[in-house]
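Look for chain A in each of the two complexes below; its partner is chain B in the first and chain C in the second.
Moving on to the complex of A and B:
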């Protein structure tokens, strides 16, 4: 791999070779596997990408709310590296896309300031041979489950890519005067509200920008996660994630749902 | 009253512990399923019904256990892969799978479904326990232990696969243990304030994960599988040696036995059950 972020380690090529000879692996459940077959896709293999990334240091001002651009950049870069490697494994297999993508961050005891970013998913290919790659000619990625993928495909939408936006934000501490002033009162804390608001907005805007770049008509399954990682309570990463989709056909083949009352507990 | 009766009882015959142990060890190689005619299984009622709907029946709860020793001191210091640990892991699985095969065949089963895979890795040994329900087509004859399948899929999943023309073949497993690489103090200081990727770490972890998965794949290929479903990948440092990181992958190898994959044609349902939401005050805090 060395410094070339495009390269994949040797063990990978050996594993992918086996997959090219007709074996498939997948972390999908049996339900998901069968549903994916149902919409005319076949799983090709379990793909993953990983990057162990050292995040730098940025000084924060005790009493000031601000975005920590260096940390934001680190979180972005590391995830991007992991995702690109995963996409590359998928492209090597000739996949049309990757479904059920999960992004994880691991911390190891031996590297307190380093985190491992992992992206895993199942590469799939259309059995009809029609390419379903996205606008950029890359396999699409999506964090939708097999069930969601099936439902989405029935309504004429197709995923374009997993889009994300992140923002690491430092929220100002309140001074003693402020704390005393608000003691015993019902009041909004405007500085906290504003900081959290702005951080979320930044993360979501960045996610939407990514979707725009893919020419998507919408983002489904958006999740907003807040994590402090290892930075203490006042520094929070806001991560928004979702699957960008485009409408490819107008015919909805979704059957009318049957309503049931299940009798189990 | 009960005491006096106990006192009146003849003294119990002393148990020959050695003989008992020998018998217990013997059953590992030649398992004796219980002589009961009734069946035992840990399947739910639903699962049993659904199995019957495709003409299969549960027979007996079967298990396979194997403990394999790890050489002293392998976890402590070194570079690259801890090959003896990886090998011990593979052997432990082999042993457990072999035993559950034989126990299943003895009970007259054609396969084991819903296998719980319990693995624990200790400093000096690795132990693997497999526990599942032996099943067979209703009234079918005994088969050879070599033709038994073992799968961690639930009976429901087994039925779904069966209906769409697929068959489970066995557990595909792979693992790889590595020492985490180290950074020299100079490099660590230099990188202290930077955003950089630690390429040697990335490479080591990446390669280890890949080789665990690659081993799983080759075991699936050996079984004649065309796919592995429900792959689980676990990873993390060992509790007793933080510098050793273990990666393990396992799943059920499957093969298409029907001529073509049979589509299931699912229908959409909207359950009208009460939503299971409650008010949680902690949620208001925004985590």
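Moving on to the complex of A and C:
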């Protein structure tokens, strides 16, 4: 997919044109909207990107734990495409960034081994006119809520991008001999420990490589998700997700929290 | 930090060599940490996969003490049927006993994953690990249990390297940690232990568990099932003793008790009790907090 917004569907251009005339749509709650306005940003519109991807299956060795690189690539590229398309929509609106990004995977009955990867979020732009785009000149993306976005801005950090890494891993079946050899004991199985450890580390390293490319100083809100999708219980996708942030000032302007006691109830 | 730890996977060392930090903290917890002078340096984790089964009375593979031979200092209690000989199927005796080998295996799995997490934390030069999360999940159909501990390693701004090289750990993060420190306590480590009590029902327990009215006219309806009740109490008691043994004079804060039951076969069950909390130590007197402002929500 090119960066050229002409590549977006026709309905999109029409919708985006309307948004450019000042109307905005957003899935922000009222509180989130107020907080985003408070730190000097204005919502431009609800943006999304999607990609329907054939993920297929890869031959696995019954007794071996290994990464399934083809599936890893497929899962990664599909999400990347959805994200890029969402970024293009945001760029078309002249946004500085996208907040509240959600990444979902949907399976449909009509597509065997096909999955729809979808990214949605709310594009925002700084009211001061100062660009807050990331190092690559693209709108930043983040899965932060309005509240999180506000809090982060008070700590002198600013989001650069939603970063992710994935690793699809096949976990070996255990042979009869192996099972009997250790039957009746609750003991560590170092091969399995190592395999799963490696799989998660690979996912996290890939996520961190993305952050490095954005020149980020760190990643907040890292989540490790594990899903078997439709592959059976021995094949697991380890997905690592977080928001890369960069430090823009040393001032933490977050006021000391006030203690309160709620009289509701 | 760039020294590599030889026991960690290659990908872990590569990850730590990067300049950027990773943190599993939510933004509010991240902000609270910065305010306290704690700087996140990396998301750290440790794993241990253990072969797992409830080997006990019926298993030819059981390990540890035989329930028939009496406990070796562990909890054991038995019940005799009051009916005399009825039939071969009649459960004429019942027993509760502590399965110390399961407790030990759990301790080994948790402890190994914990020390691996500490090793990652030490590799990034951390003073402590906040927001620890622990899980023990079954993997597919493998009959194995995976212990997974993770948390966010933090450095205290402008402080010398941690004494003894051992970072402190806590389940707390963000404002909850800030409140703990304000109250004059510092985190030492997470503390967790499991107790496992096997219940082998005798006739009275079996009848009461089935909910059938007693054929034997001995128990009124709604009677206490004494054997199960004492197993439940013993499991909680043992878990508390195990954790107390880890305290070495410190206090336990924010304890959480999780009880689960596994039915292994008819009249044969395991009661497992997991107790976890934060081991904390007083380091200064309590600073009275500012008086809270009463608030009313207008919604």
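General observations
Keep in mind that, in the parts below, the second predicted complex is superposed on the first by the 253 of 265 C-alpha atoms of A that agree within 3 Å, B and C clash if a C-alpha of one lies under 4 Å from a C-alpha of the other, contacts with A are read in each partner's own complex, and residues count from 1 in each chain.
FYI, a residue touches a chain if its C-beta (ideal position, glycine included) is under 8 Å from a C-beta of that chain, and two chains touch if they have at least 3 such contacts.
As the structure is a prediction and not an experimental result, all values here were calculated from the model.
In the superposed model, A:189 makes contact with chain C only, not with chain B.
Legend: residue contacts after superposition of the two complexes on their common chain; A:144 is shown touching chain C, with no touch to chain B. In the superposition on chain A, A:46 makes contact with chain B only, while chain C stays out of contact range. By the document's definition of touching, of the two partners only chain C reaches A:212; chain B does not. Legend: residue contacts after superposition of the two complexes on their common chain; A:230 is shown touching neither chain B nor chain C.
Legend: residue contacts after superposition of the two complexes on their common chain; A:197 is shown touching chain C, with no touch to chain B. Using the contact criterion defined above for the overlaid structures, shared-chain residue A:260 touches chain B and also reaches chain C. Residues 196, 254, 256-262, 264 of chain A lie at the contact with chain B in one complex and at the contact with chain C in the other. Note for the complex: chain B touches chain A at residues 46, 153, 157, 160-161, 164, 180, 182, 191-199, 201-203, 205-207, 209-211, 213-214, 216-218, 220-221, 225-233, 235-237, 242-243, 245, 251, 261, 263-273, 286-287.
Of all the residues in chain C, the ones that touch chain A in their complex are 9, 11-12, 14-15, 18-28, 30-31, 34-35, 40, 43, 45, 47-53, 55, 59-63, 101-102, 105-106, 108-109, 112, 139-144, 146, 150, 175, 289-297.
By the touch criterion stated above, chain A contacts chain B in their complex at residues 1-3, 5, 8-12, 14-15, 18-19, 22-31, 33-35, 37-38, 43, 46, 48, 50-57, 70, 73-74, 77-78, 81, 106, 108-111, 113-114, 116, 120, 150, 196, 226, 254-262, 264. Chain A makes touch with chain C in their complex at residues 144, 147-149, 151-152, 154-155, 171, 173-174, 179, 182-190, 192-194, 196-198, 200-202, 204-205, 207-209, 211-212, 216-224, 233-234, 242, 244, 252, 254, 256-264.
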